[in-house]
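There are two complexes below, and they share subunit A, which is joined by subunit B in the first and by subunit C in the second.
So, the complex of A and B:
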């Protein structure tokens, strides 16, 4: 047991999410898991994008970096490569992660940096007031799809698996305890960990409510799912509509993280190296003579 | 034009052939030999002529004094194909030499041309050498380019041993048989050339025997960055910037550098921002198109006060433009890229030494002012091989200044010392909530007189803080509170004033004390401009050069003073719109008297520049340089009237 408590993450800034927003559950789960793992506020770096959910670091006493829409994974990757002693987390929205930042999502999944990626997936663009997102179901009416969404929705857990991710999980904001467990496992996993979180938005998504999810979600660990079984994981990832699995869908142990394979980082975090450790570039210069 | 009195100490050579004939590797090998002999070299794959089919050529200038531009026309052409002669014939001056593969029978080829009489009048020295046969006899036919090097050394009376040395090194990895065969080929070709063409009247100048560094601008920049402690580079390949990450990747394991080829330029710049945020000296390298993708993130670095270094190596635009040609058309873009207003520093090296220095200085500026620093280079500077004195690049020339960076644990004291902040910005009232960090958060964006806030790094137990792309309070929390916004804008922008006062350099001036004419330029154009100015001065028209190295914050007072004492001012830029001239006018209210504008992607030679200057002096206000323009006769004395 560590002496870090949830209170250590309290900030003088209070969350301004709508009452009932799923982001509260995610926020609570995140603080709980950091405290549980004994990660102090100064030891973590929480990187976010832009959106309702991405405001999370603002409400928390922790090293926070709120970047631009869609780019937190790239910023976090740079931070992790430069200081892998930090516990680096990304918290962003479905628009950030699967829309504008989709390219970073697929490449980070196959790159496997030790980053825990929590996506507050409310299936809508909430901060901009209700346009469809990549995870909005086909046919859904939103302000930019008055006739219903034409495109098929992205299945983020399937995409992450297809890209070679080594830890793929789904949580539910209405089950913060369960979610905290997933985040803890994600942080402990020494590689990229996707935790896609079903997040009710009580204002702009009137379909996928707490009640709607409550009737459908079931816990994979209770159902006897083996996350090391890729074929089973594929089947589970395809489930939606009537029964929605939450828990660890897939994991693969033993794959080295990206930064562990970078020779320059063998001796420790980059930021701890002296800037003058290349005392003399004379040897390099002679190669040009 | 009678201003060039130093021809015997300066030679210009072109080696032309088909792609795959090893033109570039022979050219670069020859340059190495020249540099070791103590000659000053400027060389590149040339971009000047319209290149047909598989033809490509390498242009080398060697001299007994520093040179920073190509000189046209060439004194000697090495033709590995018949096409080489056809392409370059027009530019060969009277008496120029042509070394060629004997079986090409170029003498006959010329005899059957309709303009044979004119060519004959040029008095070209045709110097056939059996390159292929020599290669086949002593090694194999693929070594014809080695034979050409031997012949080139023979004709110009350059010490064969220098060539042999380079051959030994360059082929060492291929084994002693290959080395020996190439050595034999070079020696045999050298012998034939000496026997037949020893009387060529333009020998290689004698070097001073001092070995020099032979390097490209991109590599010089990368070495400067490395010497300054840059250990992180993320980039997406784009000509002509690619060799920066490639070079750093090639030494990454040995020197402990993290190099990341990212999925796109947005990721590349964001990774560098993340790395810089946590304390690494981080770089991203790109060209215009990639820089365009980086613009949004540039603002992120601006508002989060992250010391980011971006080097943008310009090429011909717009869009994909001319990927392998040089241009200077991204100046105003670099100055204005990204929405909103935030402090930034833009510097542009003008020669190889300045490339190295910029590589180091950029990081000091970025950390001192906690803002993005953009280094604008250009293709010519980035990819030409040039000689430099080795001590220019000494690690001892590089000082590291991390600005207001706090050592771990120090923030506690710094936060206490900071309050109250109100005195720092008397124009604005204190924010409603004065010192929220008393509750435990650190005032990372503390308002100060200089605009620079003490900077702890994430991971420090004494300084937990948030940073955000939104407007924020001193401790980094999102706000739109009216007074805080005003104070934070002033705090950030004040850093430009501080930089202007403490770090920004006035334009460099070269030339006679009193000049009747001043060429105003930036970037690689400076090399040719300085040479053109020297020739004009020698011919009786005192001509200076004003080179802008620091472009933002703009050194307006120094620029105005320099321009007021400049005589007739002629802006020389490789762009259509003359962006430096616009910037000068915007910041000083002074218009340049004349403008020379080139946008054909070819590098300026001093000769081109003299022609363009002459057109200006003949009364043209704005000269758009025409490709392949014949040189204008230059008056030895130029009367200048503004």
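So, the complex of A and C:
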């Protein structure tokens, strides 16, 4: 039994999220998951982008890095390549992950680094006061779509599966205990794990509220879904509106993670090697200087 | 409904509207239902039944919408989210469906005050034997809102225990 507790992850910085923000539930679930797994604060790295939820590393006693908008997956991949022992998590919003960071999202999914990616999906750019995001439903009126969103919304779990992701799940910030279980499974999974989280924004999304989700979500594990069945996972991924599935949608065991396949790291992660093992620094300097 | 504590729906809604400073009876009703739904997610069935006995029958469905077992990770912040799901906090709506409340980030005190109004109204109507059981199951911070006179029976969260 680990002696790591949730309180070990408490920071002296108090969250500045709006009262009732879905980020609080995600935050509680994440801390609970790390404590349950016995991951100490110095053994974990939380990388975020820009947005309300991306302020999370400030509020947590853990290695943390807030990157530029849309780039946390790239930075997290680099960290994992350098130190395989780190439990690397990315926490960002739907705008950061699926919009500005959309390119990194699809390529990280197919690359399969051992990273757990928690996306706070509130279907809006909230920090900048309510612009529509890639997951805002078509037709929704927002501050930047006064006549309704024209584009179709991104279905992130379907995209991740199409790109070859080996673990795809969806949680709900209003049920943090269930979400914590998903995050634990994602961390245990030795590859890229997407956990798309239905996150009510109490200010700029007055449609998809706690109550709205509460009436619609159902748990896949209670419905007998087999996450190893890719065809069934595709069907589940397409469900929305009246019934919204939460739980592990797809998983594939045995696929090697990216960092285990990089030839330059055959001798071990960079953090365990001396600079002279990695390269002849003198030769490099002579070549480029 | 509890005979000794019979609640008139309109009276209750009006009391909540007045005490919470809400603009309409509809907002007061939505706030009341939101708080009941939040309670459904943190209280076991026995405690929900006790509250059902002292609220209008047409509001009892709110206490039946929660999970089979309460979620121990719902803290006071998440509770407020469930409670305030359909009520604006403060500030003027900007006429679009998306942006409703540009001052909400500064509205924590106001939101808590409104939730407190409903919790206190429920507390007054609860049978005394039920009170301690309910208070003991509530997240820290919410228990104190419901019964400002006592914080001794606050529920120990998973977070606090670990």
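In the analysis below, the second predicted complex is superposed on the first by the 277 of 289 C-alpha atoms of A that agree within 3 Å, B and C clash if a C-alpha of one lies under 4 Å from a C-alpha of the other, contacts with A are read in each partner's own complex, and residues count from 1 in each chain.
Here is the rule we use: a residue touches a chain if its C-beta (ideal position, glycine included) is under 8 Å from a C-beta of that chain, and two chains touch if they have at least 3 such contacts.
Everything quoted here is computed from the prediction, not taken from an experiment.
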**Prompt:** For the three-chain model obtained by superposing on subunit A, do subunit B and subunit C clash or fit?
**Reply:** fit
**Asked** Given the touch rule stated above, what does A:277 touch, subunit B (first), subunit C (second), both, or neither?
**Response** first
**subunit B versus subunit C as contact partner of A:37, first or second or both or neither** = neither
**Request:** Scan A:21 for contacts with subunit B and subunit C and give back first, second, both or neither.
**Result:** second
**Request:** Mind working out whether A:158 is in touch with subunit B, subunit C, both or neither, as first, second, both or neither?
**Result:** neither
**Message:** Under the stated touch criterion, which partner chain does A:146 make contact with: subunit B (first), subunit C (second), both, or neither?
**Reply:** second
**Request:** Report for A:244: first if it touches subunit B alone, second if subunit C alone, otherwise both or neither.
**Result:** neither
**Asked** For the overlay built on chain A, what is the smallest gap between any CA atom of subunit B and any CA atom of subunit C, in Å?
**Response** 17
**Message:** Under the contact rule defined above, give the subunit A residues that sit at the interface with subunit B and also at the interface with subunit C.
**Reply:** none
**Fill in**
In the complex, subunit A touches subunit B at residues 11-13, 40-43, 45, 47, 50, 55, 57-58, 61-68, 71, 74-83, 85-86, 103-104, 107, 262-265, 267, 270-271, 273-282, 284-285, 288-289
**Message:** Considering only the defined contacts, which subunit A positions touch subunit C in the complex?
**Reply:** 5-7, 15-22, 24-25, 28-29, 31-32, 35, 124, 129-130, 132, 140-143, 145-146, 173-178, 180, 200, 202-207, 209-212, 214-215
**Complete:** The answer for subunit C against subunit A in the complex is residues 34, 37, 41, 65, 67, 71-75, 77-78, 80-86, 89, 94, 96-102, 104-105, 107-108, 111-112, 158-160, 162
**Request:** Over in the complex, which subunit B residues touch subunit A? Could you list them?
**Result:** 35-36, 211-215, 219, 223, 226-229, 231-232, 234, 251-253, 255-258, 260, 262-264, 266-267, 270-282, 296-297, 299-300, 304, 390, 393-395, 400, 402, 436, 439-441, 457-461, 463-470, 476-478
